[in-house]
Amino acid sequence: MNMTMVEPMLRTHPRADLQHSKDYANALNALALCEQVCTSCADACLGENGDVASLRRCIRTDLDCADVCAATARLIGRQTETPNELIHAQLHACVLACQLCADECETHASMHDHCRLCAETCRFCQERCNFLLGVISSSGVGEEAINPTDSPSLSR
Amino acid sequence: MNMTMVEPMLRTHPRADLQHSKDYANALNALALCEQVCTSCADACLGENGDVASLRRCIRTDLDCADVCAATARLIGRQTETPNELIHAQLHACVLACQLCADECETHASMHDHCRLCAETCRFCQERCNFLLGVISSSGVGEEAINPTDSPSLSR
Amino acid sequence: MNMTMVEPMLRTHPRADLQHSKDYANALNALALCEQVCTSCADACLGENGDVASLRRCIRTDLDCADVCAATARLIGRQTETPNELIHAQLHACVLACQLCADECETHASMHDHCRLCAETCRFCQERCNFLLGVISSSGVGEEAINPTDSPSLSR
Amino acid sequence: MNMTMVEPMLRTHPRADLQHSKDYANALNALALCEQVCTSCADACLGENGDVASLRRCIRTDLDCADVCAATARLIGRQTETPNELIHAQLHACVLACQLCADECETHASMHDHCRLCAETCRFCQERCNFLLGVISSSGVGEEAINPTDSPSLSR
């Protein structure tokens, strides 16, 4: 029994958005993994024998990313009376959290394997969430919301 | 001992943003209250003897709002290496979650006291978070981020 | 990239408990899945066209189980200065939350596929967490804590 | 508008446990404060200019305590079909989390004001949750559960 069960689960919902179940499941699996890996990376950084101070920003971005992924997974795991505008805004914050954490972890990747794995996981989650954002926009709901692909904060 | 302790707590931080401690504390207190009240409102709606189905959207927006407030409080309770761009995006999602939940709860306020109290709490939290958003923008950090007061999603 | 990455991640920790990495990873994967499936089951119950009131207890146990699994995963994903006594108590609460939710969902399994899948997931998570509890006890740490296998609440 | 609103909110619930609303509200207020203060204390420890390594265990117990308080508040904020046995086990874990965090923070209280405030907050939350545990036992529900006041883990 593993996370491949999430898509079948979403499909049993009486109001399932069947057209996008795969995209939602892909994002949910990435979010669950990312929350877990960020939590562990923060703790591994804290446990390093060397200079914990140099990992300050890494611990901070890990903790933030875990919290944002957790909330985002809660929202997109629901399909009853979905408020797409909010889903959009929360996914936007999540894409940003993953990007910031991946960027920071990459700078420590050569030193710490947990940072390397965490950077990869965050990048993967960023892509999955960004893809879902595009799908939600193009499906005609929430199109009045901010398009994050145009946002200066993501175009760096 | 109560939530008035949050501001003194923030001020003991070695990297405290003393200029805005009061604004952060005001938002944190509102977020903690809003998460709690939304959790209780969802559960009270579920426990209503009458037509639970008519409260579907209310339960959904309550649960979403509680989760978004929880993540937002975690982020703004931290002051080490603060990623203002992310704080901005998460506060933006939170303002929206509070607004949607307040709007929905207001439609049930005359029938259910828990919805009336929840609508007031969400509106209060929306205002506090929106104020903090403005303060963060005007302090010169994260100004490149989307200005939520110009967002069509909030100007309705 | 999927949850099989959790065990390698745990093994990169500078203070990894290598002897039990597999057991921790098994529990973490089950917890992440269980939180997700319970969140979706609660929402699917809420979206049922029929009698939502008959699913009240199911929604309640789903929401509780998701919250308890989330906190439990956070704790056991950390390996720095691990407080085994607390891990033990939290795993005990989690085993109970999974058991209650599985028991309730099973009563709706013939009617609703989401309840059937959720019952299976909760039972799986209950077993994984219960196994980890045994491992932690028998490894000599936290043995002064309550042994949940003797608890009347779990021997029913 | 502040946390004093929690008790009136609980009383508007269609299935309110009016006899214990004050005890539940007292615990909820303490839990919300404790989650917030522990989150900030972990971050303040991380931001200290001196030896972050000496605060490792403090950061760990802060993060754990915040997560356990969050889950506990979610559970006891609900009053529909309450599973008292689970409430009992979760409160037991929470009392322990608060105790461990208070004990650790006290050892740094003379050096760091955030640890002093956090120790006081955790102790306060530990007492409120322990009191609620007693009330739930003595009200005749969940009495078959483990009595935490007899637990060796709490009698130190």
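As written, the chains take the letters A, B, C and D, and residue 1 is the first residue of each chain.
The working rule: a contact is a pair of C-beta atoms (placed from the backbone, for glycine too) under 8 Å apart; a residue touches a chain by one contact, two chains touch by 3 or more.
None of the values given here were measured: they were computed from a predicted structure.
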Most widely separated chain from chain C, with each centre as the mean of CA atoms: B
Chain pair showing more contacts of the two, B-D and C-D: B-D
Mean-CA-position distance for chain D and chain C (Å): 21
Between chain D and chain A, distance of the C-alpha-averaged centres to the nearest whole Å: 29
Touching two or more other chains - residue numbers and ranges from chain D: 43, 46-47, 56, 60, 63, 70, 74, 78, 80-81
List of chain D residues in touch with chain B within their complex: 1-3, 5-6, 8-10, 12-15, 28-30, 32-33, 35-37, 39-41, 43-44, 46-49, 66, 70, 73-74, 77-81, 112-114, 117-118, 120-121, 124
Chain C residues touching chain D - in the complex, by the definition given at the top: 56-57, 60-61, 63-64, 67-68, 70-71, 74-75, 78, 80-83, 85-86, 89-90, 92-93, 96-97, 100, 144-146, 151-153
Chain A contact footprint on chain D (complex, rising order): 43, 46-47, 52-53, 56, 59-60, 63
